[in-house]
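The structure appears right after this line, and notes come after that.
Chains: A, B, C and D, in written order; residue numbering restarts at 1 for each.
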């Protein structure tokens, strides 16, 4: 991000960046305006275009080997707002553009509008789903901390109502708790931004990175912003809101919330520490973040082991998998930095696909059996093998077994932590893998044995296909070529690239 | 000190006095209706006097008009609130 | 100068005291009333900081509209607070949290005191580019020109919030009007107030929007005043909240962000940049966009206060 | 002490107060109030940053001012969504509390292990 932005801003491809944000925003507005069945049609009309824009951004970043930059309104920072796409932004953008339509395809059954009369849940779902995608695009591309604050709020307002979509009191309470955590997070983030603006007179990430010095205002801002973002990411011990929210939302919404929405605030933690604060010595904060991540891995997995409902188990496994994301932070400086960064990104990607697949499968299981109690899953796997294949392949990634994106992620992180001599993270990862194996065994072993379970209704082939496709993508990440890893480094400060 | 300044000081001072008296009444009077009485009377007079004191200092006729408009609007809002509060007090009985 | 300083210190203490009351008062209703007072005092602070645009916004939205929202909620929740009271934190955890909060406040105060008296500023740049926008108020220029992208997205936030609030309706009420149906005749006093105030308020709201181009004011503040007028008229039962399925209502809600978005794309076509304005055409374009923003704000704020639909859509249609 | 510094100190105190109310008060409506107090404290910090950025003939830097205006509107929208959730919860259960045992079935479905 330290490269001068002026010549790059001239690249015509930069205008794709605002488009990636404006298309879903337009879709959300039009969905509310047109209403009824047209909300869904608008969503499906725009999603291919959004995927095309995301792919084009990735291709352009790859071709130029440098971040794409676009000064919105023609005013360069610090007065105006810049959008930037580096390698990490591009892969996250593509991931969101793949998972959102997948969740949409799955949700067509649950959120169809049969007649001419508009229904509540479908209209809200299709509008908010596009809102989530717009907000995520903004977060992945935003180059200005206040612009990113607006993105965070947009994400909160789109995500929270999704949790309460079925209107049961427990979902309303879960949504309220989620909202309160998210608002706490936003306020802290904004406070940190205020301090940074007071110290340096800009909120542009690239400019901040060139001006920042280790001084009290910066450390306080970093602490406040990190705490706020962690509350939104549900990193232990700020995870309390996540399991009830993700477990009670409709399955398609859970897939988006668990797979993508928590990655939005995680993405900003990475932006903060790897871009804005990159020049600072960050040994202690990195260790704290990884320590919390380790605690999340152990606690989340242990709690997942004890759950009685499948969706809650999957939700608690999200708490654990979020923990892995934070193991990259103490490994950001040194010859192993590139591996650690790639491992963290790989974990974000593979968890996004795997967890979306698992929530969709869990939703299918709950619909087919009429419940999602783990004790009642006996023989279910033999009745709906494709669904359980998707669930199992997703689980492969969570455990970190080859071949899966999760394996690649955990292997890279482990390699980096051993190279750095920080063995403890490697030990935690090994333990987390074993625990994940344990809770998945609890689900899969009874499901794959015994009498074939009687289904209330068989799952639709197309919906099983969506879940399986996502799970296969999580597996396919294991075969990412070396060029993929150098792509991830595009836009990273030279220090971490040089040693690759 | 000119005569205009003296006028401003006296009028605004008297206005502040009425506000103070109204506040004391609000805190010390026994029941809802007499509290209301103290508050509305004092506020109307108090604000009126303050606006009066500020009028000669207005930069333009428009600014003076705005000052008077503020006073009128506060009158309107005050009268409405007093009515509503008074009715609520009466409905509740003497308990308030 | 010393008188002003004394006033500043008194104001500071008052703000702090009322805020503490809001946090610590026993009754939720009393705390909420405290919050409204607090908001008004804050707008005085903003005036002392020479941020008149913010003071207007704080008074209209931060204190006014938010106050109506919270007081309405507190009134409805009046019976519900005793039970939850038992579970409030006691002893050590409470002390720990209090200590943490004091620590955060002290660290923040220390950093704020360390800021140099003339800090870094974007004011010179904002002023340098002001002629390009044709505006006289730099705050409006930041909102609608330099950082137009933020403002457009923030309008989208408002729309999503409305969708979120509406989505909390019961299924059978979807498309219906928010607010209770009441057969009572309008409260005569309130109706009188609404009849006198609303026409005036609408004029003031439009005036504040219009002068916002050059003086303190603008779309947010003007829109909030219009919103307040609509809320008063609805409160007086002179009119009812509209059906949430009404096309005009939805059009008014999305008009602000939609027109802004389209203008942003137009900027890419006619001025070479998303959200840029063609030279010489900036001021009319800005006022055009702002007019729709005023409309959307004036509609979105009352809808957010009114809450989810609460009446069957069919009953409304027969009216 | 300048009025800007004073406002900054008040802002810091408000953040502390609001944070305390947000964490320590169990009632959702009071948490929403506390969130608003905390938010206004943050806006005041922006306010002193703006005031200390007085330059080019302006008494206050317009950029942070614009950010505060945006922030106030967003905070209102957040309050509205939170209030709608609290009221919905109250209508469904007759109570407005976040404590899970008040509204979940005895089986503890949906409740978290705390």
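Quick note on the criterion: a residue touches a chain if its C-beta (ideal position, glycine included) is under 8 Å from a C-beta of that chain, and two chains touch if they have at least 3 such contacts.
All of these numbers come straight from a predicted model, not from anything done at the bench.
**Q** Compute per-chain Cα centres, compare each with the mean of all protein Cα atoms, and return the closest chain.
**A** Of all chains shown, the one whose C-alpha centre lies nearest the global C-alpha mean is D.
**Q** Name the chain whose C-alpha centroid is most distant from the C-alpha centroid of subunit D.
**A** Result for max centroid distance from subunit D is chain B.
**Q** Comparing the two chain pairs, does C-D have more C-beta contacts than A-C, or is it the other way round?
**A** Looking at contacts between chains, C-D has the larger number.
**Q** Quick check: how many Å separate the C-alpha centres of subunit A and subunit B?
**A** About 57 Å separates the centre of subunit A from that of subunit B.
**Q** Report the inter-chain centroid distance for subunit A and subunit C in whole angstrom, where each centroid is the mean of the CA atoms.
**A** Here the centre of subunit C sits 31 Å away from the centre of subunit A.
**Q** Round to the nearest whole Å and give the separation of the Cα centres of subunit C and subunit D.
**A** 14
**Q** When you check subunit C against every other chain, which residues touch at least two of them?
**A** Subunit C, residues with two or more chain partners: 104, 108, 112, 115, 119-122, 126, 146-147, 150, 154, 157, 161, 164, 168.
**Q** Taking each residue of subunit A in turn, which ones touch at least two of the other chains?
**A** 79, 146, 150, 153, 157, 160-161, 164, 167, 172, 191, 195, 198, 201
**Q** Mark out which residues of subunit D touch at least two other chains, giving numbers and ranges.
**A** Within subunit D, residues 15, 18, 45, 48-49, 52-53, 63, 67, 70, 74, 77-78, 81, 85-86, 88 contact more than one other chain.
**Q** Going by the touch rule stated at the top, which chains touch which?
**A** Touching chain pairs, listed by label, come out as A-C, A-D, B-C, C-D.
**Q** Can you name the residues of subunit C that touch subunit B in the complex?
**A** 187, 189-190, 192-193, 196-197, 200
**Q** Could you pull out which subunit B residues touch subunit C in their complex?
**A** 73, 76-77, 80, 83-84, 87
**Q** Per the contact definition, I'd like the list of subunit A residues that touch subunit D in the complex.
**A** Spelled out, the residues of subunit A in touch with subunit D are 79, 146, 149-150, 153, 156-157, 160-161, 164, 167-177, 179-180, 183-184, 186-187, 190-191, 194-195, 197-198, 201, 240, 243-244, 247-248, 303, 306, 309.
**Q** For the complex, which residues does subunit A have touching subunit C?
**A** Residues 15, 18, 21-22, 25-26, 28-30, 32-33, 35, 70-75, 78-81, 117-121, 123-124, 127-128, 131, 134, 138, 146-147, 150-151, 153-154, 157-158, 160-161, 164-165, 167, 172, 191, 195, 198-202, 216-217, 220, 224 of subunit A touch subunit C in their complex.
**Q** Which of the residues in subunit C end up touching subunit D in this complex?
**A** Those in contact with subunit D are residues 4-5, 8-9, 12, 15-16, 19-20, 22-24, 28, 31-32, 35, 38-39, 42, 45-46, 48-51, 53-54, 57-58, 61-62, 65-66, 69-70, 73-74, 76-77, 80-81, 83-85, 87-89, 94, 97-98, 100-102, 104-106, 108-109, 112-113, 115-124, 126-128, 138-139, 141-143, 146-147, 150-151, 154, 157-158, 161, 164-165, 168, 220, 297, 301, 304-305, 307-308.
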